[in-house]
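I've put the structures underneath this note.
Below, subunit A partners subunit B and then partners subunit C, in two separate complexes.
After this line comes the complex of A and B, so read on.
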């Protein structure tokens, strides 16, 4: 299953958001990936998430597979939808 | 983006002396001051801003790497430096391990896109085990500059 999300944070997918995403994705018995254009990365790996360099407004696809795919997808996508206040 | 667009060559530190997070941040910020890229008068304010950012969550992202950073009005453009520690720095990293390679980034307040591009570049290169290992093993500034240059020329892909 997958969901399309838009990076709404004005600072883009900065390090704290990337860390929250990877920590969140790791909690579930699911394989979660994020795709930007032709590049797909593991949501569990903060370095991989940062390589997306996703600025504000970029559209991403979040995929989840596995026993807890639905829960993982909901929680990871919520991090894109709720602005994580940043100091980058 | 390329490393040579924001890493200040004269500030590269191949032998970081500090072993604690704040001391390491101070040492790196001072190297940017010494290189003439940060105003000395803003040093304390800048260090405080970087530490405040660390308090929100460590930028020690595992694999012996940390990317402390902040936004600060004392810079007109993104500046950065890199330091290598032989001893390791206690950084409250995600994996609990010491840090051996640190990239420090200072961005102007209104340039989030360039900050993200720099993070993307650093993350992309550090995912490469060879680049990461060579960087940790580098013992002089020339070797570090050479590695960054090779990364800029896609020699680690």
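After this line comes the complex of A and C, so read on.
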């Protein structure tokens, strides 16, 4: 299953969000990936998520597979929806 | 032969072999290992990652506690980056398939990521390249630390050529082999300059990009007087410099006998010459040059090397060692004078857009009271072993001073309760380096035991010039009449109430300014040991009456240029053999 999200944060997908995403993805028994254009990375890998260079307004596709796919998908997408303050 | 030019920051001449340190501050050996060593390199890389993650976890905790969650988060993020499975896979592949050495593999992969970030068009995100390079440096230090490639292992006559040098690098070098420093970036007052002066070896900084054209082991001549570097010099030039070097040694031998004579002017006015120092061994150098004490013991370095793991015991040991070396001569210890930006090793791009006016120095200490207390405890404990005074940098208001006093009193009580001996009458003083402090100097003088004028910052804050910015650096000038008036006001006020006042900063070690400073009423100057002979010699040829005349003339002059030429002319009259526009 997958869902489309938009990076609404003015600072783009910054370090704090990437950190929260990876922590969140690791919690579930599921494989979560994030795709921007033709690039797909594991949501657990902070560095890979950051190198997507997802600036504000970019559309991303979040995929989840596995036992807890729907929970993982919900939680990870929620992080995009509630703007996380950058400050880092 | 390649000839390079830069900013001379420490005088002298040196000839030696090139030791090239790569851009980010360490040498990468582009080395490929034997198949039998692959296993070991893999362990080396994994081990380095483990240690780095342990460090980051501790730092995250400390910083979160001291500065708040948002600062600590950076370390958490760095920790998480090292868990990145792709990153690890790529490094592993470089070692396994291409048989790269661990440092080479790590560095190659990290640089690729840094490049990726730099190419992101969004400014905020592309700044993350700095995080990657910072992490790379951290891991490299660990990888190199356990192996023999570190600078400690050097044992030849060497000229260090680097992009920039950091405090931890310069201390880990084998000092007996380093003959000079040359760096691509930097300016007067940069760390390289301070260390070179302390080691009394020549240094040229701000040369611009040149490391690519030099190979390790090539012969290099560094002329720290003129700021010229020759790589692979011709035979004629080499001969000429060997001759100069010889003359230099002879001259130095003649000046040796100045070391044992107390500094005084021609008419017998005693001038106290104090030392500026940072590393413990420099105390001995100051003593050898006949210093009357230590006027400025910088302790930032002790904070930097231990990365926020400020350890009271190790500070105490260093302070004790210095005060014991000085055999009863007073030691002025300055508390941490770092900016938040430096403390967090530059991983906060954009956080502090104006660091000179931001959370730095005493402000940073007051915002991290636990750390500050630790340093104060260490200093106070050392005060049981000899005369120590505490100098607080960048104090700009009296309320700040009162907060400092409160913390000091707390530490007093704490030590008393635990029955630890220390000097209860330890003199407490401030650096006068912000114009607001000068405006309130009478009030400050009632509250403090002594003052020390820090000219580098005083000039910066008075004329609003960052001297490391080459576009405006020319405006940074100690002869600015405004600066001279501030010094005069400060010294006069201190002398009126009989409170000790000294001056540290580069103005103290410039022979051309000595008569101005004495004329303004200063009797105590603090400088690096390498400058002491020159200043002593100048003092011994000065007449106080004439100094006062010169100072008053300077106070009536309205521009820096005229004051400078007045002083240069006067110096050339007094010591023609040395200062009349020589070679």
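Here is the rule we go by: the second predicted complex is superposed on the first by the 87 of 88 C-alpha atoms of A that agree within 3 Å, B and C clash if a C-alpha of one lies under 4 Å from a C-alpha of the other, contacts with A are read in each partner's own complex, and residues count from 1 in each chain.
Here, contacts are C-beta pairs under 8 Å (C-beta built on N, C-alpha and C of every residue); 3 or more make two chains touch, one makes a residue touch a chain.
Source: prediction; values computed, not measured.
Look at A:68: by the touch rule set out above, it reaches neither subunit B nor subunit C.
Look at A:47: by the touch rule set out above, it reaches both subunit B and subunit C.
Look at A:19: by the touch rule set out above, it reaches both subunit B and subunit C.
Of the two partner chains placed around the shared chain by superposition, neither subunit B nor subunit C is touched by A:33. Overlap of the subunit B and subunit C interfaces on subunit A: residues 11-16, 19, 46-48, 50-51, 53, 55, 87-88. Remark: subunit A residues 11-16, 18-19, 22-23, 41-42, 44-48, 50-51, 53, 55, 86-88 touch subunit C in the complex. The part of subunit B that touches subunit A in the complex is made up of residues 49, 52-53, 56-57, 59, 61-63, 67, 69-71, 94, 107, 112-113, 115-117, 119-120, 122-124, 126-127.
Looking at the complex, you find that subunit A touches subunit B at residues 10-16, 19, 46-48, 50-56, 87-88. Remark: subunit C residues 70, 73-74, 76-77, 80-81, 83-87, 113, 116-117, 120-122, 124-125, 128, 131 touch subunit A in the complex.
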